[in-house]
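One chain, chain A, links the two complexes that follow: it is found with chain B in the first and with chain C in the second.
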Partner chain A sequence: MSTMEQTVNEIDTVAVIARNVNFFYGETQALFDININIKPKQITAFIGPSGCGKSTLLRCFNRMNEVILGTKIKGDILIHGTDVYKEGTRLETLRKRVGMVFQKSNPFPMTIYDNIAFGPRMRGLKDKTKLDEIVERSLKQSDLWQEVKERLNRSAMDLSGGQQQRLCIARTLANEPEIILMDEPASALDPISTSKIEETIQELRNYYTIVIVTHNLQQAARCSDHTAFFYLGRLVEMDATARIFQNPSQKRTEDYISGKFG
Partner chain B sequence: MPHYNKYFDQELQDLKEVVLKLGGMVEEQVSNSIQSLTDRNVELARETIKLDHLINKLEVEIDERCIDILALRQPMGPDLRFVTTAIKIIDNLERMGDMAVNICERVIDIAAEPRLKAYLDIPRMADIAKQMLKGSLDAFVTRNTALAQQVRLQDDMVDALMSQIFRELLSFMVEDPHTISRATRIMFIAKYIERIADHATNIAEMVIYMVEGRIVRHTDPETGH
Partner chain C sequence: MENKNEYVRGFWAEGVPFIWMSGIAALILISLIAGLLILVLASGLAQFWASDLAKISLSDGSYMLGIIEKEEKTSEQNRILVRIGNRDVNGLDFKWVEASKISKIEYPPTASVVERDEYGPMYGFITSLNVGETVVPSTNAGFENIMRAEIDAAREKGEKMKKLQLILDTDKKEITALEVRIRKLEDGENAGTPEALLQKADLEKRRVEMLEAFGTVLTSAEKEIETLRVDSDSPEIQVLLAGGEKPSLKLKKIVAIHSPNSMGVFNKSALYARNVAKFVWDWPRESNTEGGVFPAIFGTILMVFIMVITCTPLGIMTALYMNEYARHGFVLSALRLAVNNLAGVPSIVFGIFGLGFFVYIIGGNIDAMFFADKLPEPTFGTGGILWASLTLALLTVPVVVVSTIEGLSSVPRANREGALALGSSKFQMLWNVVLPNAMPGILTGIILAVSRAAGEVAPLMITGVVKLVSSLPVDSAWPYFHLDRKFMHLGFHIYDVGFQSPNVEAAKPMVYTTTALLLLIVVSLNATAIILRNKLRKKYAGSAL
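Showing the complex of A and B:
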């Protein structure tokens, strides 16, 4: 099979392709020759110790790293076949396709309704009925609808931490992204809110491609289909989650998941 | 390689030691049961039966310890395999202890009657079963899969001896129905020993899983299929 054909095949079966990705913060290299394929409509977890590059790679997928001065990327990132670093790529379009949920929930200081409707309105949607539909559907998908349907016009800032995070997920979903990136989405939440977020993530599976960065190994084990382990800026191994946590093929992975050092 | 949490290292080390302790107790029970048979020593058989509750008690204790580790440490990878293997090993050891008790009970049953024949194959079979038990425990401690594999292969010899004993006892019973009561009990004893060897094989197979993460149960030890 030619490289060309291979790429075409990959595009059909792979949501995100990172090819020979090297990333630099100024002089410091943070990622080394990363090659990874993210499967569509499944959940992939990135794990590894602090500073291993997992968040950096995640942020390469929607060019979020560019807001940091002095960063440089080499290599390709393809989202369903489109090179996201190609000249002329519109960041708004990219970030609509690749949504992101952060560690700390960041609702806009406006009503719950306006938070969710923000993205569609930005893209010019004015039809009230359509917006209502999007708000309801997104809140239902993020499992928040029952809790907020009576108070959509109240400020989003009044919600609890866990609810705010599910609001942020709903806000991402309102843009109908192809891929959702989550950077430690539950690390600031209590166990019950964490369970709700994890349940939401599982429900979104089969509809969206989700990549989640987490320090919580049990969380990766509980909610992901595939797990990638990073160490010192390199991808050590990626495999089915059950395999990574029971019998990984690399010693480094084994040591990390079982909490060993030396 | 140590864990970041040294107390966890200690817990795993303690678990290994206590599994071995249970293994040592079972080895002794099995030896004594066989000795009570060959020596027709009813006293030893009774003593052996009396000690079984200690094995049961320790087995429950280790079981609880393993569940605590699973609940509180949430072990992953090799640690997960070690703890789940320990749970299964102690279950098999406890069953071997029961087999030793059953042997002793049959020894008491037949003690009142004259000796049917000199035991030759049963002690041989018991020797192999004991070797297998020892080998499987050594394999567990030293994570030696080659040794575990050897234990699996030995099981065939035990099975061969079992059918030989069966044929021999059958011929006794055919010739003289008065021997049926004794011969049947000796047959049971042979079966118990064969079961002990099976449990040792189970342990050996779990050791292979623990070390390599590969499940070899229900496959042929020689061909691997």
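Showing the complex of A and C:
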């Protein structure tokens, strides 16, 4: 199979391709030659000890690293076949296609409704009925509708931590993204809120490509279809979640999963 | 012994002396502020209280009538300071009296204070009211009510006269303006051309129409003014003064009469309220040492208002560029340094810059372009409230910039990233998320700017403040806002009354009152901004979660 054919093939079956990605914070290299394929409409978990580069790679997919001054990337990242680092790429369009949920819930100090409608409004949607539809659909998808439908015009800051995080997921869903990146979405939440978030993620699995960074190995085992293990800026191995947790091919993966280091 | 060492070490380790010192420093500062406030408020607010009039009989048989201001007891002498008023008769307002020469002090109930348009208050005993040939002695029953009615009537007539005169003047001005335009057409470059002739005929027609329309009004108004003047000229009161003089006072020149010695606390309080209202709403009299300060209040508030609406957008834009867009490097650091140091430039330097740049360059060019027909009389090419406000805006813009930058940097990065991750552009993120979040910081800047601007006097003195104005910068004449006009300002008023007036001692209470008022205005402007800021803070509380 020639490289060209392979690429064409991959575009159909792969949502995100990272090829030879090297990433630098100033002089410090954070990622070394990462090659990874992420399958569409499935959940992929990134695991690894702190500072291993999993969040950095995640933030490369929607170019969020550019917010930080002095960062530099080498290599290609393709989202459904489009090179995101190609010159002339509109960040607004890219980030609409690749949504992101952060570690700390970060609702804007506005009403719940305005939070959800933020993305569509930024793209110029003003039609009230359409916005209403989007808000309702997104909140239902993130399991928040029943809890907040009576108080859409109240401040989002009044919600509990778990509700805020689900609001942030709903806010991302309102953009109808192709891919959702989640950067330790439940690490700041209590166990009950965490299981709520996990339920939500499960319900989304068939509609969206989800990449989730997590410190919680049980969470990765419970939620994901595929797991990638990172260590010191390198991808150690990636495989079906069941295999990674039961029969990893690398010694380091086994050590990490069995708790020998971390 | 061991215990004692322990104690001593603890004493120093816990910094007990330092805590004491910092407490004392705070105490000193607070007492300074409280002392200043008490001094200003006590002296300022006392001036509206009607003090009793003392009749001081001297050992040589004569007597004085006045308000006892203070007593001075030293080893050599024992004397009192009496405000004797009647500046037109005595030539001075205050007199020291040796205590040893005083035989008796009493407070006769009929002694009256007459407030009038000129020469300050008159202290004396009202003997009669003369209307034309009729003389009503003050011993008659109901004299006081008759007198008050007459005074009100006289003042009403005076007001009416002023109003008529104003209408008359405006009408006359309009006709004169038409005549000027006609003359220009006759003498101008295009004189004799068909268009000019046509235009001229048109103007002539309008002039005739106006004269016809106004003619009857004008003559009747002139007649009415004349009768009003004769009418209001005649009523007078006769007053017996301490020195035995018996001058007559025209009623239309009297502002108010009261007899403090016969007034109870309730009446005095009512008079106090009236005096405060008059101070706030009236125009100044007697080269600003009496009457109210309304034009100065108006000028101060309007100036601060124009300053805020010009310096706020400028400051926010600058801060946004510096904090969000400018590339980090030498230029940005230099710019930050410059902005910080700009706040330390003496305000008079800003005044001189304002005079040169706004008044002469911009104002001069506006005049040359739009008001050429009025030259050499300047319109915008001279100091005015607009230029003074803009000068102050330049002076305060660094404060707004610095606070806005602080406000922008305090917006959590999570909020910025959240907005960007939802596909908003940088501008949309700034506009919809960062700026509303930074609002409390921006308001802090505005609060500081207002405090600084409201108390600033030096730069105003060369960019448009005057001692007395005849009209406000906003009135009912088209185009309603006359920002080219000169204005009065409370800060300058304090300086002017306190140090430039012919009678500094008599004007002292006025200085205190004006200071108290200026403080009150600054505090209430700030309070408004602070309340707004706290509301916003509450709204954004928890966003740092």
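Definition applied: the second predicted complex is superposed on the first by the 260 of 262 C-alpha atoms of A that agree within 3 Å, B and C clash if a C-alpha of one lies under 4 Å from a C-alpha of the other, contacts with A are read in each partner's own complex, and residues count from 1 in each chain.
To be clear about the criterion, a contact is a pair of C-beta atoms (placed from the backbone, for glycine too) under 8 Å apart; a residue touches a chain by one contact, two chains touch by 3 or more.
None of these values were measured; they are calculated from a predicted model.
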Task = Using the overlay on chain A, decide if chain B and chain C clash or can fit next to each other.
result = fit
Ask   = Can A:155 be said to touch chain B (first), chain C (second), both, or neither?
value = second
Key: Between chain B and chain C, more extensive residue contact with chain A   = C
Task = Based on the superposed arrangement, let me know which partner A:171 touches: chain B (first), chain C (second), both, or neither?
result = second
Query = Taking C-alpha centres, what angle do chain B and chain C open up at chain A, rounded to the nearest 10 degrees?
reply = 140
Inquiry  = According to the stated criteria, A:67 is in contact with first (chain B), second (chain C), both, or neither; which is it?
reply    = second
Key: First (chain B), second (chain C), both or neither touched by A:102   = second
Ask   = After lining up the shared chain so the two structures overlap, which partner does A:217 touch, if you call chain B first and chain C second: first, second, both or neither?
value = first
Task = Could you say whether A:35 touches chain B, chain C, both of them, or neither, answering first, second, both or neither?
result = neither
Query = Of the two partner chains, chain B (first) and chain C (second), which one does A:122 touch, if any: first, second, both, or neither?
reply = second
Query = So, does A:89 touch the first partner chain B, the second partner chain C, both, or neither?
reply = neither
Request  = Please work out how little space separates the C-alpha atoms of chain B and chain C at their nearest point after superposition, in whole Å.
outcome  = 32
Ask   = Inside the complex, what are the residues of chain C that reach chain A?
value = 328, 412-425, 428, 432-433, 436-437, 539-543, 545
Key: Complex contact set, residues of chain A against chain B   = 217-218, 221, 245-248, 253-255, 257-262
Query = Hey, which residues of chain B end up touching chain A in the complex?
reply = 1-5, 8, 74-81, 213
Remark   = Interface with chain C, chain A side, in the complex: residues 62, 64, 67, 69, 91-96, 99-100, 102, 104-109, 118-119, 122-123, 155, 157, 161, 164, 168, 171-172, 175
